[in-house]
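Structures incoming, each one as structure tokens.
Common to both upcoming complexes is chain A, partnered first by chain B, then by chain C.
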Partner chain A sequence: MNKEMVYLDNSAVTRLDKNVLKAMQPYFFDTYAVATSEFAYTMGIEAKEALNKARMKIAESLGAKKEELIFTSGTTESNNLALKGIMYNQKEKGHLIVSEIENFSVLNTAQRLEKEGYDVSYIGVDGEGKIKFEELKAEIREDTVLVSIQHANQEIGTVQNIKKIAKLLKDKNILFHTDATHTFRRIPIDVSEVPVDLITISAHTIHGPRGIGALFKKDSVKIQKIMNGGFQENNLRAGVENIPAAVGFAKAVELITEEENKKLKNMRDKLIERIEAEIDDVTLNGSRKDRIPQNANITFHYVEGESITLHLDMRGFAVSTGSACFSKSLEASHVILGIGGDHVRAHGSIRFTFSRYNNDQDVEKVVTAIKEVVENLREISPLGKKGSEKNEFSLQ
Partner chain B sequence: MSKEIKVNCMGENCPVPLVETRKAINKAKEGDILVITGDHASSKKEIPMAVEAMDLELISVKDIDDYWEIKIGV
Partner chain C sequence: MNKEMVYLDNSAVTRLDKNVLKAMQPYFFDTYAVATSEFAYTMGIEAKEALNKARMKIAESLGAKKEELIFTSGTTESNNLALKGIMYNQKEKGHLIVSEIENFSVLNTAQRLEKEGYDVSYIGVDGEGKIKFEELKAEIREDTVLVSIQHANQEIGTVQNIKKIAKLLKDKNILFHTDATHTFRRIPIDVSEVPVDLITISAHTIHGPRGIGALFKKDSVKIQKIMNGGFQENNLRAGVENIPAAVGFAKAVELITEEENKKLKNMRDKLIERIEAEIDDVTLNGSRKDRIPQNANITFHYVEGESITLHLDMRGFAVSTGSACFSKSLEASHVILGIGGDHVRAHGSIRFTFSRYNNDQDVEKVVTAIKEVVENLREISPLGKKGSEKNEFSLQ
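Presenting the complex of A and B:
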């Protein structure tokens, strides 16, 4: 079956922009050499120039210097490099603080560090997904080295007040890392104004190529490399540089506009407004006000997220759910559980994420489809409401 | 040439029968007939809903002893 899909899973990955591909192509077929020193052959010198130009463009978008940007393979590697790179660089095993609703590449890295003997504290969040600031303050110790709190959440889209967090940590001389995968180019961050020490960014959420991301690292901050090999990326990330992808990343950065972000926000708001007005028993997950422009996450009570995603898929819509079977971890969303939701709320949650390739008609179409799907499923739902009283599923 | 494709979902609970049905629909060619059998009550209602939404032909829904059989024309 090859029917046209309305793709609304853009926080997982976005479609590559053709202009990005066009920018990348010469570095596959013409200037395909590795970056070399000025004493080597011309093609390598030109490749290096392209890499540096890309680095500068991306760094400037954060208000940073080009020397402060380390190219990586994406969010996971950047988060690993930030956490392990900082913690391994201490003379004594120090204390790390992360939030409970981080991406798995932060949470699992923190757990790995715990197994290696580092102390880790996990900060809770409120009902909107905002970190409990007083809890963060209370967890800070003399040996706290690093705090890693995401700029916005990957599932519910809640944006943290990183300015406030950064100020607190700067005053206490503690390093601050934020994973900005879902805010980069959507919500401005300027490191000349906000004292963040390390920032994770990635191309895959902004119509760039997969397999390229970066870690901003303030030049005064010292980290240890976590992969052994060559001396690339200022001797902080070994491996042949992915120059076509870096060039594509820079092009993707350039193509995001304020107008596009407004369009995403309008689609998001329209979707939320219509679903809340037209479907009973729904809950918006995350903050209504402090939310990334591309994300709406809604629980449809009395139905399972997997069933909704399946039925929507068969009608030509791609969305994701926090339900257990959908996730590779086979556990209900730790984010929905983190904001105080129970397993039933997590199981019925659906994430809609927009991109430049969506339009108002997509919103119309998905609202119409989800209304029908939810209504039909509630008729046969074993989770209560109109369905049988007996719960056939084990939700614990 | 069209063919009959059997999908056995006996003993499987929701949403597995629908997942298997989707898999079979996606692989089927125009003119094929899918014969899905199962014993999970909700799936017997859920599969026809999806078939209708996909504009496919719901040929029949039958109860046979203690299971059901759904025929879909692709």
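Presenting the complex of A and C:
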């Protein structure tokens, strides 16, 4: 157990809110039946009503209708469903565009589609992680079916101008999917204003339960299901509905406030400000302005991210480094490489992600700790200041 | 809320055991990090250890190694992964055999594969729901890659002789998948004795959490992943691991005892015995001998299943009818039709599924209630005794 640990890495998984569990409990123990049609027993009908109520609450938070929300097992499945569901539904194998700093569940699905004979273009990003808009425009072809560009990046926190992208694509009659896992309830999207066709969201980043996410799909957009079986979710996603998780997801959506987002932003800004003022040779990765409120990502030059992570861990702080995130290897982050960083910069980058359970004291404490850690590591580091950031360096 | 209801339909979803939730709690609130490699923080390493411990406990209950267990979001995904994962991994589009009374997640995945150009054969069953072994043997071809036959049926509870099937297929070098969702921890399978290559299991039928299942895959068997993204689950299933659910799944596995299975069997036998003795014109669907301990499925002739369900519901009993289970329509059960029943028999079939939370008094009470309900319905039924079971009758 790590009760004393200051967890600053909620990029992937956040602590469950106790009120979310409380909301879920009746659906574990009382109304625990499978959702049934009106031809069955009361408990099943009540279960179905709870599911629909949860669906409506989450859909409304996107300005959508409840029929437009498909529950899935999480971000990965939603992204798989969006990309495969659209591309498989075309008569001819069409063209797909994604950015090169997408989450692996978009990137590797795109690669899978490529292997199956679909054409995929990968759009580059600038030094802040913003997609190159002119490159996107230039890549659009007659047979372009779908563009998938994340709302914000999971590592460096850069927020894309999805309004501008959506408008361009709508004009050209191309479908637009955005993975909003890391912006959902932090930076609003209203689908009645922004013409996005498909949006991936998840409960695990907002203190909701793991194992549930959703895909918003505009009702006019047709997709093919990728999970075959029963007729659940409007016949778009088979499998017994996870009603307690859906109810918990809706509760998590409700619990996020504007005040909380302001508080996160303040912690983030204070952290960046103090680190930049008090530690030499640091680089903020991502955009200073267009950035999710909960994320800071900083490269501490001449030091390896893994070493910082380990030493902060010993001091009771859980932060993560861009590399070694999804894999057991020490591969450099494709995101830091995407924004033009080299392997050294990628290996020295540390992601701090604030959550509901952090406070100003945590910022104070982590700044003190990281100053000490970086100072110590720079003294003993083989990369030292003697080395050069420009060196070709690889841990592999 | 239905606290007073006697729930006799756990075929799809069981009530969560309070001890399962207790086991999950630390992974909601204390060790809630994503599972990380050893290059990250302690909380992530501890999360990973918990995941591996859960994996080992569940694998051991099948006589398998922990590396042979892939966590999924449930039965539907496990069945999709087994069938698509094997068939997509072949160089040539091969031949698949399934039984015609499989769960929809096998049947509809098979149909999807058929649309994609794979050959699929559907094996019939006898009047008890046992697959026709000679038909299976006759359907085997040079290019047969995989056979998928459930361990037991979800509706009528018939248990297949998977040992015999597995031996046949092993001799012919054909892969064998079995959906054991409804037998797992009720009727043992030991993969060190029975040569099964892939087994689907789920937590939702054994008082574990919803949204988690697993696929056992013999380590020598190669599959292609169907959920693309990160490198989780030995690079066979992408997506942030649902650690609390995995821990809960393992706890649910542990909590099932032989005594419980005996108790279920006794309740089932008592129910069947009393209904057959005290109500005229009933047919037990499925096998009398080879039947999962928790299931009874009985057709009450001259009455519609939906009416029985509704009237039992009013008396506080949640049972289900074979039809209208997965769909909003009044389609007749493909299982009852498969065992040679007509539409009338399918519409009059009632499934009783006992769980940990039922007792002998429930059996007494439900027998009393169903006698009353069936008697009343037969008096007013348009199907009456005047009608004939053999009539072509459809509600559609």
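The rule we apply is simple: the second predicted complex is superposed on the first by the 374 of 396 C-alpha atoms of A that agree within 3 Å, B and C clash if a C-alpha of one lies under 4 Å from a C-alpha of the other, contacts with A are read in each partner's own complex, and residues count from 1 in each chain.
The definition used in the following text is that contacts are C-beta pairs under 8 Å (C-beta built on N, C-alpha and C of every residue); 3 or more make two chains touch, one makes a residue touch a chain.
All figures in this text were calculated on a predicted structure; none of them were measured in a lab.
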Partner chain(s) touched by A:313 [first = chain B, second = chain C, both, neither]: both
Partner chain in contact with A:108 - chain B first, chain C second, else both or neither: second
Partner chain(s) touched by A:337 [first = chain B, second = chain C, both, neither]: neither
Which superposed partner A:56 touches (first chain B, second chain C, both, neither): neither
Partner chain(s) touched by A:243 [first = chain B, second = chain C, both, neither]: second
First, second, both or neither for A:380, with chain B first and chain C second: first
Which of chain B and chain C A:34 touches, first, second, both or neither: second
Per-residue touch tally on chain A - higher for chain B or for chain C: C
Common interface positions of chain A, toward chain B and toward chain C: 1, 306, 310, 313
Touching residues on chain C, where the partner in the complex is chain A: 1-3, 5, 7, 9, 12-16, 18, 21, 26, 28-34, 36-37, 39-44, 46, 73-77, 79-80, 103-106, 108-109, 111-112, 204, 209-212, 226-232, 238-240, 242-245, 306, 309-310, 312-313, 317-321, 324, 326-328, 330
List of chain A residues in touch with chain B within their complex: 1, 304, 306-307, 310-311, 313-315, 325, 369, 372-373, 376-377, 379-382, 392-393
Complex contacts: residues of chain B adjacent to chain A: 13-15, 18-19, 22, 25-26, 42, 45-46, 49-50, 53-54
